[in-house]
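First comes the structure, then the notes that go with it.
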Amino acid sequence: MKFASDNAGPALPQVMEAMIAANEGHAPSYGAEALMEELRARLRDLFEAPQASIYLVATGTAANALALATLSEPWQTVFCTPLAHIHTDECNAPEFFTGGAKLSLAGEADKMTPADLEHAIGQWPRGDVHNPQRGPLAITQATERGRVHSLDEIGALCEAARAHRLPVYMDGARFANAVAALGCTPAEMTWKAGVDAVSFGGTKNGCIGVEAVVFFTPENAWEFELRRKRSAHLFSKHRYLSAQMLGYLREMVWLEAAQTANARAAYLAEGLRAVPGAEMVYPREANMIFARLPRATHQRLRAAGAAYGLYEGPLESGPPEAGLMARFVCDWSIGEAEIDRFLEVAAG
Amino acid sequence: MKFASDNAGPALPQVMEAMIAANEGHAPSYGAEALMEELRARLRDLFEAPQASIYLVATGTAANALALATLSEPWQTVFCTPLAHIHTDECNAPEFFTGGAKLSLAGEADKMTPADLEHAIGQWPRGDVHNPQRGPLAITQATERGRVHSLDEIGALCEAARAHRLPVYMDGARFANAVAALGCTPAEMTWKAGVDAVSFGGTKNGCIGVEAVVFFTPENAWEFELRRKRSAHLFSKHRYLSAQMLGYLREMVWLEAAQTANARAAYLAEGLRAVPGAEMVYPREANMIFARLPRATHQRLRAAGAAYGLYEGPLESGPPEAGLMARFVCDWSIGEAEIDRFLEVAAG
Amino acid sequence: MKFASDNAGPALPQVMEAMIAANEGHAPSYGAEALMEELRARLRDLFEAPQASIYLVATGTAANALALATLSEPWQTVFCTPLAHIHTDECNAPEFFTGGAKLSLAGEADKMTPADLEHAIGQWPRGDVHNPQRGPLAITQATERGRVHSLDEIGALCEAARAHRLPVYMDGARFANAVAALGCTPAEMTWKAGVDAVSFGGTKNGCIGVEAVVFFTPENAWEFELRRKRSAHLFSKHRYLSAQMLGYLREMVWLEAAQTANARAAYLAEGLRAVPGAEMVYPREANMIFARLPRATHQRLRAAGAAYGLYEGPLESGPPEAGLMARFVCDWSIGEAEIDRFLEVAAG
Amino acid sequence: MKFASDNAGPALPQVMEAMIAANEGHAPSYGAEALMEELRARLRDLFEAPQASIYLVATGTAANALALATLSEPWQTVFCTPLAHIHTDECNAPEFFTGGAKLSLAGEADKMTPADLEHAIGQWPRGDVHNPQRGPLAITQATERGRVHSLDEIGALCEAARAHRLPVYMDGARFANAVAALGCTPAEMTWKAGVDAVSFGGTKNGCIGVEAVVFFTPENAWEFELRRKRSAHLFSKHRYLSAQMLGYLREMVWLEAAQTANARAAYLAEGLRAVPGAEMVYPREANMIFARLPRATHQRLRAAGAAYGLYEGPLESGPPEAGLMARFVCDWSIGEAEIDRFLEVAAG
């Protein structure tokens, strides 16, 4: 009953096999290996973006912080939601990589509307040397609360940013889950909607540790390479990053893994409806569920060894019927039997 | 005939096996997995340092830059040699991670004497707010020119640093090769000689991408963790770093791999003596050779597909007998037959 | 009719005289001059803090950014209000000087309650490496909206910060105006209430360009000096900073200037009550007024040459009776006649 | 007998008068005052550069660090001499302002040749992501050892930099002394020789604290303004910077002050020839003298109250006839009588 995070699960067999296959003889280092060339072509195909610049890093925070640093200046501000991973969960990595840019919050929780963005931009007048200067918009897809922006929502946000000539970055740590949820193409969810750069996350969806940063315009390429090197994120044995992602891309493994994870989350959400006192906090749209369960239910689940994130507390004392919010994440490896067992315990 | 770098070779089978074995079920993320606990104990044993703080990162530059940032302040200067990797090959990563510290050069090429260090320290008077403030000493073992500091040399440098209350960091990207060369223990080469922190390199010696940063005093632990996180070097699926290094440590694999690499380099060096016009630039002490070969010899080798670093040029035009310096690196996977073939081509 | 800012007014005659007097012969540079020693003693007396470390810089932003950098770490977050000068008007200077710390907003507009602070602190759990770490509280006195925290309010905020072991910095760009408003001593408004460091602003209240940064504990002294030097804020001809502030301190000039400025603002506020359609947005407590005036009134005032900050607009088109918020600042040099003239025009 | 530094002397009467004259009524802040407009026109005339972007800051280190940050990227290296002020006397300010750029040393002491520069540039191959990237050349005029680059020397260095498309910055803390020494125009010593940006120093030559940063191409203007603001170097009461420099420029005061200072240094140098055991270390070319005097002579001078920088020691013990290097700086306010007295004591 492991619902703590999609970064707690194992790697996909296809990813591991690709790693093993790559471990043969010598290969040029630092991304000059043939596998990277192959991967670049595959990702350009996948994104229908033959000019895209593509780079690999090993962590999602590296992808986010490096991409934002490339798209902004130290005296600018990034616009993001109050629950954006870059704001709440990266220990100031964006501020570090950008050289001291600010994050300005817009919207509520994990989403903002174009009006929210407009309001946030408006607080920093253009051309005034005193205030933070306007910089990139960052959105997360799927969001930190497991929701998925529709293509229209993405398009509208990009348009609002573009009206101020601000670039748009998409944190795609759960990109595959969002594509699976929307049933759209990667291109539709990114550059066709107005996104300038995206992280195509592998780690959470069955890789060991690899994220592709994709710039749809080639102009930032060399700067990104220098930033990656000087932040120590350029791998010498880079082939093992390329290999992972090639394994991930083979025969749509990436999409199937996300479809499975989303389906399991849907199954769990469905089951939770029958659990007495359970209440969904956000609609289930990808592979994460935020739900409130009675304290007594949590106690029972914890006692039975279930692992998941508890956002409210304390668990130990208080009215047993009080609802405490928790996060349940399904990765591709979670089975329905495991969920059934969880629901059984939850049902009491 | 692949002598380009020890980061171009494959991973050791034991490392790959450990990765595969680790890929089972769910595990806590971010270093909370059981494997990390096991690894920590193993490394403390290996270093005879039960209090040591131990962290894993995926690149040597991350290890160096994070350790130096933890040991210094932005207004200080690190002391290192003119050929130190941190100075020449990290695209200003130490300056970035430290928040703008300076690197002051001491000695010549890849080594310095205590007198060199004393001289370099002396140029920045203590207590003067105007000049850079004195910070850590950084030494590389084995060095960037393939040489190995003796225990006495390390001890003397540490003593000189300690006389000014400056901490000492050892860049151990080729730590194993140095231990193999000296026949000493890891403890003797580090804290017993006065070293405060060291990177225990795995990547170049048969891992996929993992380095352990070892602090012999626990006081820097929490700061290092925060620096690692905010520089995006904390892996979520951290178990794959732990696993690599556990595989690397099992049954002294790490030492044997280095012994093999050193032996191959010795074999190659021996063979080069018979190559007409060949001239060693630095004594061969670990797994790297710096030698000057006639331009014509280089042309022949390149034509035959030999891969190695050429430090002088141009290769294409000029007197065929002119000696051009090159670097030949042996990793554990290089066989004697490969070296024989290389020497045959070199002999002409 | 110059109400644009208290940084648009002239220097006090006593300040200018002190500058002239200091311009005699040679003097040690970089703060080693006798005047600085005298000033240090005077300020320690004024603050009843014989151990205080005291430094001069030339701008308020330098004072804020250097003090906050000294009190925090790059991975921490400063807590401040949404309208804090450090957040809205320093083009990311705090982020730059701290090496990338975050600013977390608490409260509304220019003030926060202890509960607001508690809430803001609570969003960043202690001991979690992922989120920004808790850092100093920064409050502005008088605030950016011209309000004055009572001693009780300051004490309560400091207590809330202290409960989490967080240091407290007071941005005292309008320190004198606040002391004049409260009728308290500098000590009561700072360390006696729990403040760890304060900027004692001179620039806005009749100096040319000088702010004293006062640390009530000496431990941060050397670090501040290094930070000041490396940020290029250590003056070589430092005597002209010391002289300014000595002139400012002589015979309570500083307090009288602030009392005058506050009294003029009170006089203006009183007069505005009679202006048709005028509406105070914040209560007048120091030397700034935020009021809404009809668009037509603004147009009349502007046409007559009145200078002040207009926060809403556009001025040019829209209903003439619509109220637009403006800021009116009085410095010591504003006369009642000037205000009378302004009110006459405003009255229409 | 005050030869410690030209930053220990008083301000020129014309500078002080301009300050007093500027202290009248209200004026727009942050550089929008009429005086700045006037000054901009004057400096553009002086430099024969009608398109130049011109900014004022209060310290030489701010001018240097901000200009270099504007001309470089964090992953680049600045080229300068081993004794460059930016390397030895700014506590890592360039590293801080650039966001972590490196300083690469070329030449010896205070000067480099084009060959030295070429050699230093050559160590960092172009297009290699691993090493520091090539950035601006920085030269100091007059140098930190009181020497003056000839126009040919400047031109040759600029040409060498330009061959690699590297911009050239001139640290002109003693710009006026160099112009006075060469008898050339400001334009000849800067953009006509290939310099891209220069600091036109006022502080050391009779101002209170003001330096003009002049960019001969306007493209860096807005970035410089943002950098100045976020580093807290934008003065609110900016008119007092403009006024200082206007007073300094009036009727060639700036040049006369430098001519006087140089002449006094020449007079002192001439006198030193007759002092037993005195030995010039560098030729006297501007307003600074580096000379070795016997320890006994130093002791006598110090006892008589002479102030100057002693670079070797100890003064207290050792052979009385041993020569110890010292620096003697003449500012405009030093009189010949003072020098006569000094020489008298020195003669013994």
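The chains carry the letters A, B, C and D, assigned in the order they are written, with residues numbered from 1 in each.
The working rule: a contact is a pair of C-beta atoms (placed from the backbone, for glycine too) under 8 Å apart; a residue touches a chain by one contact, two chains touch by 3 or more.
This one's a predicted model, so the numbers in the text were calculated from it and none came from an experiment.
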Moving step by step between touching chains, how few steps can get you from chain B to chain D? 1
Higher-contact pair (C-beta pairs counted), A-C versus B-C: A-C
Chain at maximum distance from chain C, centres defined as averaged CA atoms: B
Averaged-CA centre spacing for the pair chain D and chain C, given as whole angstrom: 34
Provide the C-alpha centroid distance between chain B and chain C, rounded to the nearest whole angstrom. 51
Take the average of all CA coordinates in chain A, do the same for chain C, and state the distance between these two points in whole angstrom. 41
Chain A residues counted as touching two or more neighbouring chains: 74-75, 90-92, 96, 99-100, 129-130, 133, 226, 229-230, 234
What residues on chain D touch chain C, complex-wise? 2, 4-5, 7-11, 16, 19-20, 23-29, 57-62, 64-66, 90-93, 96-97, 203-204, 208-209, 226, 229-237, 240, 307, 333
Could you pull out which chain B residues touch chain C in their complex? 30, 73-75, 99-100, 129-130, 133, 225-227, 229-230, 234
In their complex, what parts of chain A are in touch with chain C? 74-77, 87-92, 95-96, 98-103, 105, 123, 129-133
